[in-house]
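Structures incoming, each one as C-alpha cells.
In what follows, chain A forms one complex with chain B and a second complex with chain C.
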Partner chain A sequence: MALSYVLEPAVSGFNFENSTRNIVLENGSEEGKIKAPKPMKTGTTIAGVVYKDGVVLGADTRATSDEVVADKMCAKIHYIAPNIYCCGAGTAADTEKTTDMLSSNLTIFSMNSGRNPRVVMAVNILQDMLFRYRGMIGAHLILGGVDCTGSHLYTVGPYGSIDKVPYLAMGSGKLPAMGILEDRFKGNMDLEEAKALVSDAIHAGIMSDLGSGNNIDLCVITKEGVDYIRPHRESIYNYKRQAKYKYKPGTTPVLTKTVNQLELELVHETVQMMETAGSS
Partner chain B sequence: MDSHHSYSQVKGVSTGTTILAVKFNGGVIIGSDSRASMGESYVSSKTINKLIQVHDRIFCCIAGSLADAQAVTKMAKFQLSFHSIQMESPPLVKAAASIMRELCYNNKEELQAGFITAGWDRKKGPQIYVVSLGGMLLSQPFTIGGSGSTYIYGYVDAKFKPDMSLEEAIQFSTNALALAMGRDNVSGGVVHLVVITEAEVKHVVVPGNKLPKFHDE
Partner chain C sequence: MNTRGLRSQLKDSVPVTGLCPQAGPYGVQDSLRRGFSSVKNELLPSHPLELSEKNFQLNQDKMNFNTLRNIQGLHAPLKLQMEYRAARQIQRLPFLPSSNLALDTLRGSDDTIGFEDILNDPVQSEMMGDPHIMTEYKLGVL
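== the complex of A and B ==
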C-alpha cells in the first residue's frame, strides 16, 4: 500500500475484563456501595468557520467534572500539524489522546514522505480509528486546516462519521452557537468578520450552556501560518483573589515532636555497568 | 428493502433518509435527499452527501448509520479499485454490489447500513442492485430505500415505466423524492441526483425551493 504510518496494532476494542467486578462493587450492600469516578468531560462549545483566506477555529476554556469546573483555562484547540488544528468536545482524555496520536502519526508520515500532510488525510486516519472503536472513544472533533488543495473544515463524530462543511459548532453548547452561525455566516468573509462570528458563536454557547464558560480561544489558520490567540476574549467574571490566603509559619503552635528512625536492612545489591563509550 | 426497520435505534449520526435509483433508456439515475439526523430531533447536517462514487461509472447511495455506511463504502472503494487494477478493466456493477454485500453480510451484527448500488458497465449496461441491512443482494429496474421510502411505494409503483427518456426519469425521481421529503421528518434538504450513462456522470442538484409542489403545499 502507500506510505505507511505507524498506528498501534489493531487489538480488538476495549478490555472489559473488570466490568463484572465493577458492577459487583457498585451494587454492593448498602455500606459497601462504591461509586465509579466519572471521566472529566469538556462540556463545551467549539466552532469553526471557513473564510476567504483560511479557517478560523474557536473554543471555550471550561472543563467540568460533574458540577465542578475542573479546569478554567483548558486548551481545547489541539495542534495536529503546522497547518492543521483540531477542536475537541466530549471526554477530555479521549480528545487529548486521539489528537496526540493523530499528530504523531502525521509527523512520522511527513518525515517518511517529505510531504506536508493534507487535512483529508488527517480526517481519514481519525475516521478509521474512531470507527474501529465503535463509539467507545467519546471524541467529537472539528478539524480545520489549510493545505495545497485549499482550506477545509471537517467534523468527525465518535462513531466514525465525517462531514465536510463550511461552518460548524459542536459540544453541549452547539445549539446556541449554531443559531449565531446560521444567522450570520456568509461565504468568503474577511478575517475580522470571521473572527467576530466565531467569537460570538462561542459566546452564545458560553451564555446559554452550563458546561461552557470562561475565556474564548481562537485559532486562525492560513496559507502563511497560524495565529493561536489564547485568550481572544476573557471572561467578564474576574477570578483574581482579593488578598493572600496563605497561613504564616507559626500560625499553628507545635506541641510535641517525635522522630522515629526507620530500621533499613540492605538485603541485595547489584551493579550494572552502562555502555557509555561514545558510540551513537 | 427493509422499509419497516426503524432507524431511531442507530447510534450517532443517522441518515434517516430517502434514496432511490431508476433505470432509463441508456443509463441509470441514482438520487437522495441531503439530511442527516441525530436522534429524532436534531438535524446534524442539511447538506450531507449520500451519493458516494465507488468507481468511474458506479455510485452507491447510503441509508442508516452514517459512520457504518462511510466505513463500508471506503472499504468497497478500495477493494473495487484493486479488483479493477488486477482485471485491467473497469469493474462490473455487480462486482461492486457483491463487495458491498460481502461486507454487510459478514459483519451483519455490527453494521446498521443499507445501500443501493447503481451504475453502467460494458457487459450489461445500466444496472441497479440493492444491498439491504442483513446482506441481501437483489437486482431491480428501480428501487427505493430509507425511512422516507415507505411514503412513496404507491407513487413509484404507479408511475414507473420501463425505458423512460432522461427527462421523464429525472422528473420521476424528483417527484418521488419531493413527495417522500414532504412526509418524512428525517428526510429533507435538497435533492441530489446523479445521472450515469456510458458517456458521462452528471450531477443534478434541485434546491428545496425549486422542488415540485403538490396540491396541499
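== the complex of A and C ==
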C-alpha cells in the first residue's frame, strides 16, 4: 500500500513483504525472467555412531554453492551444550542459525535450572521450531550427546521428523556412508573402532559424492568431556601455496602527490584523570 | 512450549484471521487510510507461511487454553486470560516499542529465544510512525 505514514507498529520475526515481488520476478515476462540466487548448501556427508562410552560424530568439510566449492574448511559440527554436539546438513545458513538458537535456548535453561540439558530436550525444541516453519528451514541435523540417562543419537529432518538410532548418516553423501555403517556397525564398540568406522563412512561419502570433500572432522563425546578433532584426516589433495601474492612496497610508481592541510579549530578541551590502579 | 493435547482439538476449527480484506469501520475497503488494494493481494497470501506466522501466537494461545480447560476445568483459562488482559494493557505510547515484559513472563517466552527475538526487532526498527497520526488512530479519532 502506498501510504506516507504507518498505522500499526512493525511485527517482529520473519518479514514476508517481498514474497509477492519475488514471485513476480521469477515468473516475469519472457525476457525479464530472473532467477533467485541459490543459497550456500553444505552438500555433506555427516555420520554418527553410539559406542560403548558415548557418541562419535563425524563430518566432511566442504560447502558448495551451486557448482563451486564455497568453503574448504567449513565446520559442520556445531556446539549445542557442553555435552551435546550437532552435525548439520542442508542450507548452511539455516543449520548455523538453528543450532545457534538451540544452543542459546539450552544455555538459558541450564542457567535457570542449574542442570546440564538432556538430549531429548534439544531434540524437542528443534522439532517444535522446524515443524513451525513447515520445512522452509532447510536443516537436516544429527544430534548426539551424553547426559545423565546415557548416550543418545538423534536425527531431525527439516519438516520436524525425528528418529533415534544407534548409527546414522545424513546429507547428500548419506547413501555410501550408510553402506559402510550398515556393514560394520556392532553394538558396544570401543573408541578406536568407532572412530575408524565413522571416519571410513565419511570417507566413502567423500569419494562417491560430489558435494562432500576435503577433510574429515570427528567429535567424540563421553561423560568425561568432548574431544573435537579438527581435522581428523586431511585430504591428500590439499595444496600449499607456491608463492606469496603480496606486492613489494614500491611496486606502484607514484605520479603526483598533493598535501591538503585540514584546518582544525580547537573548540573544547577537557582533562579527565585516569584512576591508575595503585598497589594497596 | 507446544502442548500435545491435540486430539481434543480435532473437532474445533481454529478460525484464521487475515483472509478478509482490510475493512474499515463500514466493512468496506478503507481507501483513505489504507490505500488501494488489489483482490489478488488480499485473497491469497504470497508465501505459504505468511498466514500461519501472523496468527501463530493467537493459535498457540487458543490451543493451550482449550487443553487447559479440558484438563482443569473452565476456571483455569478464565483466570489466566484475565491476567493476560491485564498484562496486555501495560503498553507505551502507540509509536514507541513496548517491551511486553509482563505478557512475556506470563507466556513463558521470557526465557526462550525464537526468530521473533532476532529478526526484525521492533526496538531496532529504522522506521518510526508519525506520533500524531498513530495516537489518533489508536484513540479512534482519525
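As a working rule, the second predicted complex is superposed on the first by the 220 of 280 C-alpha atoms of A that agree within 3 Å, B and C clash if a C-alpha of one lies under 4 Å from a C-alpha of the other, contacts with A are read in each partner's own complex, and residues count from 1 in each chain.
Here is the rule we go by: contacts are C-beta pairs under 8 Å (C-beta built on N, C-alpha and C of every residue); 3 or more make two chains touch, one makes a residue touch a chain.
Quantities reported herein were computed from a predicted structural model and do not represent experimental measurements.
Of the two partner chains placed by superposition, only chain C is touched by A:N112; chain B is not.
Residue contacts after overlaying the shared chain place A:V165 against chain B, while chain C stays out of touching range. Contacts of A:G157 after superposition on the shared chain: chain B is touched, whereas chain C is not.
In the superposition on chain A, A:F14 makes contact with chain C only, while chain B stays out of contact range. Chain A has more of its residues touched by C than by the other of chain B and chain C.
Of the two partner chains, both chain B and chain C are touched by A:R134. Where the contact sets of chain A with chain B and with chain C meet, they give residues 124, 134. Within the complex formed with chain B, the residues of chain A that make contact are 124, 127, 130-131, 134-135, 157-163, 165. On the side of chain B, the complex with chain A involves touching residues 11-13, 36, 44-45, 47-48, 65-68, 70-71, 74, 110. Contact residues of chain C toward chain A in the complex are 1-2, 33-37, 41, 45-50, 52-54, 56, 94-95, 97, 111-122, 125, 127, 129-130, 133-134, 137.
In the complex of the two chains, the chain A residues touching chain C come out as 1-3, 5-7, 9-16, 19-20, 23, 97, 101, 104-105, 108-109, 112, 124-125, 128-129, 132-134, 136.
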